[in-house]
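The data blocks that follow each hold one structure.
Presented sequentially are two complexes of chain A, the first with chain B as partner and the second with chain C.
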Partner chain A sequence: MSEQPGGAMRLPQQPGEVIDRTTTIDFSWNGRPFTGFAGDTIASALAAAGERVFSRSLKYHRPRGVLTASYHDPGCIVQVGDEPNVRGAHRMVSAGAAVTSQNTWPSLRLDLKAVNQYAAPVLTAGFYYKTFMRPRFAWPLYEAVLRRFVNGGRVSPDTPPSRQAKRYAHPDVLVAGGGPAGMAAALAAARAGASVLLVEEELHLGGHLRWGDEADLAALANLAAQVAAEPRIEVLTDAVVLGRYDGNWIAVLERRGALGGAEAERLVKARAKTLVVAPGLIERPYVFAGNDLPGVMLSTAVRRLINLYAVKPGERAVVLSANPEGDAAVADLKRAGVQVLRVEDARLGGDIVAAAGRACLRSVTVADGSQISCDLLVIAAGWTAPTSLLNMAGAVPAYSPRAARFVPDIAGLPPEVLVTGGLAGDGSLDELTGHASAAGAEAARRAKHIGRAWRRAMPGSRADAVRSEGGADTTDPSDDAQAVLPDLPVDSHPELFVGRTNGFVDFSEDVTAKDLRAAVAEGFDSAELAKRFTTATMGPLQGKLESVNAAAVVADAIGTSIAESGTTTWRPPYVPVSLGALAGPAFEPVRYSPMQPWHEAHGAVPLQAGAWIRPDHYGDPAAEARNVRERVGLIDVTPIGKLDLRGPDVARLLNLVYVNKWSKLEIGRVRYGVMCAEDGVVLDDGVTGRLGEDHYLMSTTSSGAGAIWEWVENWLQTERPDWVVHVTPVTTAYASMNVAGPHTRTLMERVTEGVDLSNDAFPYMHVRTGRIAGVDECVLWRIGFTGELSYELHVPASYGLHVWETLLDVGADLGAAAFGVEAQRILRLEKGHFIVGQDTDGLTRGFSAALDWAIKLDKDDFAGKPELVWQHEDSSGPRLVGLQPADGSVVPAEASLIMVGDHIAGRVTSSRMSPTLGRSVCLAQVEARLAEPGTEVTVRLPTGRLITALVTPHLAHVDPDGGRMRV
Partner chain B sequence: MSEPLAHSPIRPPEPVVMSGWEVSGRRAAGQLTLTDCTPLTKVLLRADVAGPAASEVGVPFGRARRNADGVLVVGSGPGEWLLLGPPGQARQIRASLDEVTGEPEPVSVTDLTHGRALIRLTGERAADVLSAVCGVDLSDAVTPDGAAFRTAVAALATDVVRDDVAGVRSYLLHCERSSGQYLFDALTSAGRDLGIEIDGFQAQGF
Partner chain C sequence: MILLPCPWCGPRDASEFGHIGETPPRPDPATATPAQWRAYLYLRPNSRGWVVETWYHRMGCRRFIKVERHTDTNQTRQASPSSPAARAGAGAS
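Let's turn to the complex of A and B:
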């Protein structure tokens, strides 16, 4: 470090610099304090201070430094505080940041894991397929050792989770890439009336103009000002298009830099009518010995460091140039005061043979054999065309040997995807922006056409229903002519992939040209196979720097051309994305009853039942159950499915979906029904009451509420469209509560008006409407799941809490107390009432659920009838029976098996200790031969212990005649 | 026995009583607001999708319009209309529908005042809030003022009506009642970074 402000390698003010010299930022690097300027990246601030080594490579732990000085730089991946895998050449310095190198031990400088280099012959590509396998018992040791060498940073388990939102966007035109072509296309599209989303990977718009000459900077300022002034363009910087899916469903990742606040990455899901792909070109390395040494950089890295960050990349440089951008880098180097010792012009036969050094570059051997000592080697060997979005759109690019890169197959693109900029071809800035403007205007025209077609397909989109802003939605025939964009010229470029010596192809995965050749020799003789075996292109860069070089090595090894052997497939995501961004916020709907505040205030233990939160109990479920049998209890059963059915054909619908008969249900009566599916399997059960001539209220199980609504609508809409039935779900329009116990009538008489509650006037299995606790239009029906005198009340939901509290208050002297789901389970089991899905399963047909009395096979066709007829004829199926263990103190676990010798003959489906009887009671599914009352069966407990149990004469263990319900 | 007090599924900050409902007494300072409008009367009309009742109601599927009585009639589904009015108006609205006949097809009228949680989201940036939790295109070309659609908002089946207030973008969102608190929380969370505020119910616009 030196005393010079900004660092030893900091240059004086550069015209295009993005740093703010008036603001300094202090941070630490591997524990040492450093200072950068606002606008510096971590790498530029460190490079300005003279640092050259930023990381150690994955496998061999070779020292690495700046290669591209962009997001994609493989040598600059660092840890910032608790955040691993930070792109150090893209992330800006922040005050107080603790930046460290990843997976180096004990330090970056002296990384003992570099011992791997000496083991290189054993650690060739794919070594893990051949080594560390035997003896097998030593695998835990191998794993522990290998884990130490994995290079992925650290995440503390104490990191607080970040809340990452998502966003949906619907731009007319999405432009991927904010360089000059992207900006020109966005402007043209916006001026043609389209809404535009312009997505740029870097922190600023401008692409390569940002580190260009004066003319470039002026053009950049001009375009950027126009974009800023155009209200129809929304600009997302530090954002990248992750993938393009069918129908231009496009994922955009906004990274931290763009957002304030606690959010980290945010995923934007965009449905764009048209997509303009303008990502430019990505400079790639050249393969030769020593090409990964710190000090070997690409020409764009050098130009970025000098022009954006005012950092001198070295003192003594050798340059390999194969294109005008390389030449421009030479000019920049000279202007920055770097000694340019030699320029090898690849267009004239120049070449780099090898680079040498230990921790850093020390010398370079060039084509004529001379060895030049230097600290900077600048490579301008050519470009990767990032065609991934085009590949994802179905257009496979073709390799052009003349241009030494892949060019898009424009004809293969769907009409909603366009290409412009450097990806489409070369030319002057004016030619490129001219092409881009044409592309943008065409994208807007096509978007208008697509938008019209979508809106025409929308329901309710008559001309008077939907109008676009500012005018009628007319169709202009001239809009339908699809414009053909002129082709851009593609300049020739020398093919410069692999030099004369062996070097690194994939910097992230530490794969060399030798590894690839060895893979081909072993039989992995295609780009795809060689990739999978060596893992080349499978690192964080996903092929951006290495795919073409890898293809060249493989093609050469096979003896074909790149065009023939092909490259690997570009797949989404384009760049790595955190799982948190993909997951987004956790949308998990939760459902509460109106009485929830009371449950919470009274210590209810919550039970999660689907999306519902229900009170399981309030501390002592057995006591709650006893209170129902002896006094009066209140349970919140709001989740019970309720369907309001109106129309002349309701009775026909009921006859169709239920197994029993419904034609003669009088107004004011209620009937229990069971539904079976078309395979005869028990689907649901519930109680349906007739409230009026053509008005019924159906109840279903809680868990089946949604499914039965769909079931009923499916029948009405697809099978019986001529029936007139209006089905309205009112599951949550009513707060439902069951009041049960010997004192129920006394309690209800205190709060009910307009209903005669005497047993003669309002018998069991009837329904009335009236006023409860001052609330009108309540529905009361007398049913008996618990087996006691009970009323199920359906109260307009907003008044549920009021009625509930009133009942408990008014009934306090009667012992009125709440009971929860667990107590209800006990009570109904004592009464032998089965629960669909608990005492039946996906194979239990009607006659196996003790429903012989309910299934009316003499009805006309009903859902499940044919299967039930067959089942009835064949009486060998399983049966639902009541069971009592001989030892009443043993409560068999539910699903305990019923055995005959070694043969499984059934299972216990429900099992509880009965507080009423003081002994265990069960329901079970058993083979028909065991179903006779009095049969002794053997139950195998989960511990393996065998106990005996007796089949009871009725399913009900308590009050089998049902007298208690009918008082 | 106390007078019946109606509760919304959405717990109100700073509760007060208005029109027999417990509502929030809070008043927002900014202009991006979320209001629990559950107390509004909601009546569901069902009739044949293209019959005489549909013509008489005169609001097509996918649209919402105020009628002469100031009731917002929403074409919420084929053959289905939801009428929204001030609190306590169920009887009047049902009576007005008694005159609507679908002869020979039957017409049914159901009071869903208590069955739906209803929320109003208002502000210039209301669409930015909604687009964090809803995938429908909220541009004027697709869902202008008066558009009605049924979609998933924060993974919950929700009806949405664009009902601008005095030229300011506004959406009515409603879902089955028991998920009301969840929907309200999802919208609050989505609007947090934009400074959304809870505004108490005052029957605005009805």
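Let's turn to the complex of A and C:
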């Protein structure tokens, strides 16, 4: 591409350069081949080749180039392959990368949408709130057109999902910022014994020393060597602190440069005992006409280009300097062979009035009115203090007119947050690192104190034990006192925010000073309101370059000062973060029963039920249901929640949590019970059996297993702490299966030892413990969710598969076959057994669930009793009923409405085609006036069709007397 | 993220806990009026300052604990272990 190695604008070797001239890297830019050096960013490689325009702006499609040459450069956001919105002045160039410009159509050079800038008078602040409002029907048309103009890159649907890990860190001290102050603070903290996590946003430690003079580079080399030699410091480069939360919980984002490989980003959740905030300062643009033209750069941008990447930023320069860093940029430019035509010194009244040019900068008008032809305008107008982390810690910084920036409210910080470096004040390098060392040592001391308080809070720890463990310093009574750090001086600086002409305040969102003034004129007369109306500070930079200039414009328009009006609020995250990094890997456990290998081998169609994967069916659920009615079936019910309850007060506990009575449950019997919450709403149901004098086994619904354990513990721990009950969750300790159907007893007799299975010896609703298929200590419950003769077996989990396979094997001649969840749902619906959460919802109180027979209001107390007493008195709420469509071939979809005229009077809660009856069967919640058996109701199907259905005498459609279960 | 002082496990991340919130004392179900009972169910003072809240250390010791939390600053400090007495104290705060 270029005549000169590394590009036409590449300079001879610079002392601080980070490029490796021995390794060239080929990549493409908008389809054309380019070559950079290893260590180049995308922007530096392109700038070295003489490219100046890298993107088009959001609204007016104005050409944009390098402004800051850092991560926060709004002009250098590009697409790399499938990855949109890459920060091109931060991302290293990589071999073969296809880099393209975003937001351009048809091309970067000829962007037709640039006509927008001539339409600027109608694209003023808030235009999208006003312009596209009417007529409303035209919105889809507006939307289709607007979509072409949307800023941002392209996401490919073929991009493979990234799997991002998370990391947890527990440093004593976390230092945010790896410039000289951050490094010095980290060293001092580590030397005081603290473990330190040093987080630097850029690819290298060093901050502004990296683009400094020989003395700066020597100081950097010295600090870097010390940091590298300190084993207690872990350095994360290309990583950034996203936010500081309660208890110094700090979110750190590690980016590609730090991770390498395929992982794009990783979230580090750090619990730091103390946080040292040392991000330095961010250079601020200056507002004047043409301030966004390619060729207008901040002083730090030209210093980075020259010193880090050996790139000559232009040929003929004008400089506006308000500070020593601007003066240093002038020296750098001269050394790089750039012709410096004029230095406007803002400290002496110098100013830039306007810049002009079309695709790039052509000329500048300065304070005395003269127009200077040039291709580079360097702005050193001042600094923004990125106080983000301090605001998040509760300290609101105050504006200092003398320093022309916000200064932190150090007294307002909690003790676990310290601030140092350029954010805290100015001074020589020695002064800054001296302050940082003191802050680092103090951070380590406070961390030690906090760590000791945490250890003291551990149960069983005693002060003397902690003392002997912690060493001599723990006995120092002065330890609790916080050292007061000396204040750094704050230098005076001219206030340079907005010049004499109208220019861009927010480069990402294309908001000008005029837009902000218009917003104030329309009544949005505070920084926060004007921000929302104009979207200033709401773009990718989130205020880092533009917030103070925006505040200055708004304050001026209102007729107040920045000190009074303040800026917009800094909120986390500090930089954009991918949703994948926040989501991290899925930690959701997946549960399988011990019988899962059999299910898989036999074609089970899986059903996700909470954390469990269960067999929905094995091919034909209706046939599975018929097999249960006619022969014998087996279902895996392992997910049923099981709590082992022991102690003298279990019966009292059961009486408290269930609505029915438990005091007279004999050993060897089981009982069905329903629980209500304190608001009377049905919470859970299940069977509990009494295995011994003080020993019970409670079952819960599968989905309620965790919540009911917590519910029971809550009563025992907080309301009835004097009761003696020990609760052990045994859900996964047992494999559970239900054997059901007329041949069940014949099958069970073949495999059971030590239990008389005859109806007299082991009747319905009883429990026995015995040996099944050679496995001891199996629990047998004779219950009947399906309505058939059935035993629910709870088998030690490791023998579950063995018992399951044995039952199917020895029952083959009886027709024993597995059935899945769907067949069970059919069978229980035929039988009229409701399912909590299916036939009840979050408003269904006990009497609405047809539980009149179970609720014992004569008990002294139980959960939810008062609400149920009142429901019983006023008969309020719907009723659960059985429903039979007049046309039995119609299965009304679940949630079909029950209508009385235009009034919704209920809904179908469950519906299936019954293989046993050959017609549809339903459960429904209806208003009480419709609950009488024989009532004819109208059901509206989802299609809108109305059908007639009859309320049945019982919930059960099959065997309402229960004879089949009791044989 | 708030660090909660669990009396059984020491200071732990709030993400390990279930937040039960302020738990007013349970009225006598035999004599409670609907207004009293529903205040117990639904009404919380939610005041600014130190409040006593119940947390369940779901991913730890599985104990219900009382923690005092300053609702303005999210500072926390240990309250006494769960008991009817602490529960009554919570209602009074």
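Operating definition for what follows: the second predicted complex is superposed on the first by the 808 of 967 C-alpha atoms of A that agree within 3 Å, B and C clash if a C-alpha of one lies under 4 Å from a C-alpha of the other, contacts with A are read in each partner's own complex, and residues count from 1 in each chain.
We adopt the following convention: contacts are C-beta pairs under 8 Å (C-beta built on N, C-alpha and C of every residue); 3 or more make two chains touch, one makes a residue touch a chain.
What you see is a predicted model, and the numbers here were worked out from it, not measured in a lab.
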- Which partner does A:Tyr142 contact after superposing on A: first (chain B), second (chain C), both, neither? neither
- Message: After the superposition on A, what does A:Trp249 contact: first (chain B), second (chain C), both or neither?
- Response: second
- Message: Quick check on the superposed pair: does A:Trp723 touch chain B, chain C, both, or neither? Answer first, second, both or neither.
- Response: neither
- Message: Going by the contact rule set out at the top, does A:Pro589 touch chain B (first), chain C (second), both, or neither?
- Response: first
- Message: Between chain B and chain C, whom does A:Arg271 touch in the aligned arrangement: first, second, both, or neither?
- Response: both
- Check whether A:Pro866 is in contact with chain B, with chain C, with both or with neither, and answer first, second, both or neither. second
- Task: Look at A:Asp694 in the shared chain and tell me whether it touches chain B only, chain C only, both, or neither; answer first, second, both or neither.
- Result: first
- Answer with first, second, both or neither: which of chain B and chain C does A:Tyr672 touch in the superposed model? neither
- Message: For A:Ala457, using the defined touch cut-off, is the partner it touches chain B, chain C, both, or neither? Pick first, second, both or neither.
- Response: second
- Residue contacts on chain A - larger count, chain B or chain C: B
- Query: Both chain B and chain C contact which residues of chain A?
  - Reply: 271, 455, 458-459
- Any idea which chain A residues touch chain B in the complex? 163, 165-170, 195, 261, 263, 269, 271, 451, 455, 458-462, 465-469, 585, 587-594, 597, 611-612, 638-639, 644, 646-648, 694, 724, 726, 728-734, 751, 773-775, 777, 796-803, 806, 810
- What does chain C use to touch chain A in their complex? 1-3, 5, 7-11, 13, 18, 20, 23, 26, 29-30, 32, 34, 37, 40-41, 54, 56, 58, 62-64, 73-74, 78, 82-84, 87
- Task: Using the touch rule from the top, collect the residues of chain A that touch chain C in their complex.
- Result: 245-247, 249, 271, 394, 454-455, 457-459, 678-679, 710, 713-714, 717-719, 721, 860-861, 865-867, 870
- How about chain B: which of its residues touch chain A in the complex? 1-9, 11, 21, 38, 44, 46, 60-63, 75, 78, 105-106, 108, 110-116, 131-142, 144, 147, 154-156, 176-179, 181-182, 186, 189-190, 193
